[in-house]
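Each structure below is given as structure tokens.
In the two assemblies presented below, chain A is common to both, partnered first by chain B and then by chain C.
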Partner chain A sequence: MASLDLDWEEVREQLRAWREDNTRHSEEVIDMWEYCLKHYKHKLGDERWMVEEQVVVAGLDSYRLDIAEHSLVALNEQFPGSLRVRKLKGMRLEALERFDEAMDVYDSIIRQDETNSTARKRKVAVLRGQGRIADAIKELTEYLKIFMSDGEAWQELCDLYLKEGDYSKAAFCMEELILTNPHNHLYYTRYAEIKYTQGGLDNMEIARSYFCQAAKLNPGNVRALYGLFLSCTQVSSSTKCSAQKKKETQQLATWALKEIADRYSKCRTNAMDGSKILETFGSLSITEKA
Partner chain B sequence: MAVVWARLAFLAGIISLFHAGYSAAQHRAYMRITEQEYTSLPTDIGVQGLMSLLLTMYGILHIAGDFKEIRANVQLQNKSWETVGNRPTFYTFAHRGRALSPNYIPPKSKSLLDNIENISS
Partner chain C sequence: MSGDISLTCTTLAKMMLHAARYPQSAVSGVVLAQARGGDTTSNTVALVDTVPLFHLQLSLAPMLEVALTQIEQRYKSEGLVIAGYYQANEHIKDNVPDFVALKIAEKIAENNNDACLIMIDNKKLCLNLQSAPVIVSQLTSEGKWKSKEKASVHVEAGSLDVISQLLQHKVQHDLIDFDNHLDDLTCDWSNPHIDKLLTTLTAAAQD
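What follows is the complex of A and B.
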């Protein structure tokens, strides 16, 4: 962050927007807190505690433990015995790599309140932080048996399976997510990418159709258009494909290419020549190692 | 500043609406007392009611803020996987970003001298 926003109301609005948007801007949050909002914290009113929580997490993320501990102490004074503050203490232990103590803290939270979902999720994060991906997967599947509608948990499980290289199970997780949010083009894109990675003609055809759906939902999704082009070329160059299907697929591939070139020509600068892109696309292919 | 005007407009509209209603009731009572036939509301009360309704609606719209899109996928048009795929409850802190912090102390690595001493002994 280059410039300093000295208008504390703007900073407060920005932090609130980041809180609601669910994005990760840890360093910017810390800078804004340190240089501006910290001096106006008494003017924030009720919002102060949410901002302090945001600062604690941002501080742990960017390893500014002094700032995080300061805010944690303030929260502890205001809400003694709160489970939410205890979870933050556990997160601080995680950042210090004292994983066993963090696990104990989360276990104590779960013992006190069986329905607390965030402590269970933090346990998974502890296992992931230690690098024990298989244990994290086991813990997360146990969690999902209890709380099966948690979209974030399904996303995390998909990511963990991808880390393990278990693409079929990752595809299953993505399918669950598509079922909950059928209008989200990003889920379709990711599912199609997983299917593309699995390879084979059937998966490639599935990938092609899902890339189509993503491009239909959001014509601005260039990643889906690229994926569409690649999967179409893969399908049409496969030996098991019939001649008529091959022709249709190639038409689809050329359409996708045209769309991508259009997008690039729309945001064209003098340095970039749109026509060269069509030439370089000819050499764009991912082949299997024989 | 716009919010203050909107609030004033809303308040003025509500008060004017109540005033119009009250004067309509008063008019009705007056008609009953003077035993005249009650056909319709006098136009000025009707016009006042209508104008205050419009003023209140204007004030409310500005206080309530912008409408949200009905189509669910329009909100997601400009979002990337970075924001949608972000999982704040699963944040891990053992990543390389730590090294960029001013408080970070890198773990001590074995120096060349230690290796040489081990080999010679």
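What follows is the complex of A and C.
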């Protein structure tokens, strides 16, 4: 790629937006830095150092260690002795797979500052990076005993439990998240998916309620609608379901399917149109899981 | 069950693009083959296409059920069936199928004796492919997954070059999987644009 035809101020805005959203666009950050913003770094003022930090992380992520190290050196000169910069040095060691040394760096940060949460979380990342999922879970559980309101950590723990197949503990993590974020439809959806996967009539009914709530919070959530349809079908085909409940649940299932078909029709997509959806799922006879 | 496996360029390409698009996550998907219409002459399982499924959470059931149902329905008219499952693990050195891969592959095997379980060999995925970075397994009569010899797995001629080109040009960013579709219904998980691109490239390669 030659040079990007971008206004450096636009690039600065974009990087700032990505920093604030905390989203991962490592390749693009590197490209934007290398082919544009690097040449204007002296115009960035104080923001320069946040951008350099962003570039270090992006560089480590895309294995552009040359770029990452350059920015790391600049940050080290500007902020000698900084723990925030020291964490980046630890991350560099992680990228080089020198995991034990990275752990030492993070331990040294924690010794100097007991309240430092990012170093503790990096330790979990090192363990995950080494494939030591059980150890990562242990470390993260210890972390959450101290920093129990860290939503990002609960999400990570849920992820780790799902990797281990421990659905009930993963569900517990989502419960914590829902308690602190009762309006986040994504948490409801994820919780319902876990409950559905666990199976059994009780879990299926819980899944149905949570998919329902997710769809209520965000009618555009297609996973919630599909999940609602599936869980309703499961519940109503259960032998333990009463006739009255069966009727209500089936009505809910039909409603959910119609909503999905509507969404597809609105999209005018070639993939699947609304009527196909009704046809595909309408005839779905689910094996009894409830 | 003791026969060879062949993969078309499309099949392998979409798998590689999927893995390359989400280097930090595990990814999964299914592979398709022609339905066995009583053709017992060929012992080779020919995998002709791939549908990339997930990159967010591979172990959750509901969306998997939705995906499998839609895929079966869509390809029924073309005489294609789901013939296997592929997965690329999160960790670069890890190419061992986990409980998720085994469970889903077994489910597919219930309907299809020749079902394949394909693990992507992450370490071999690069910009200049020397060999197909896949480990293909099938069920033995004892119900265990056994990986096929490298010699039994055939890839369409010229595939590695074509796929290397795609990776060099970062085509993976255009690949759509089922997770993308669920987030935005206009995204087509059958990736017709990739199919088109592949047709052009393979034709050019044959010139």
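Assorted remarks:
The rule is short, and it goes like this: the second predicted complex is superposed on the first by the 272 of 290 C-alpha atoms of A that agree within 3 Å, B and C clash if a C-alpha of one lies under 4 Å from a C-alpha of the other, contacts with A are read in each partner's own complex, and residues count from 1 in each chain.
Note that contacts are C-beta pairs under 8 Å (C-beta built on N, C-alpha and C of every residue); 3 or more make two chains touch, one makes a residue touch a chain.
This is a predicted model, so every value here is computed, not measured.
Look at A:N184: by the touch rule set out above, it reaches chain B but stays clear of chain C. By the touch criterion defined above, A:R24 reaches both chain B and chain C. Of the two partner chains placed around the shared chain by superposition, chain B is the only one that A:R122 touches, whereas chain C remains out of contact.
Once the two complexes are laid over each other on the shared chain, residue contacts for A:L217 go to chain B alone; chain C is not touched. Shared interface residues of chain A (contacting chain B in one complex, chain C in the other): 24, 61, 129, 190.
Residue ranges on chain A touching chain B, taken from their complex, read 21-24, 26-27, 57, 60-66, 91, 94-95, 97, 118, 121-122, 124-125, 128-129, 152, 155-156, 183-186, 189-190, 217-218, 220.
Chain B contributes residues 72-73, 76-94, 97-98, 100-104 to its touches with chain A in the complex. Across the complex, chain C is touched by residues 24, 61, 129, 131, 159, 162-163, 165, 190, 192-194, 196-197, 207, 222-223, 226-227, 230-231, 263-264, 267, 269-272, 276, 279-281, 284 of chain A. Residues 24, 57, 59-63, 65-66, 69-70, 73-74, 90-91, 93-94, 98-100, 181-183, 185-190, 192 of chain C touch chain A in their complex.
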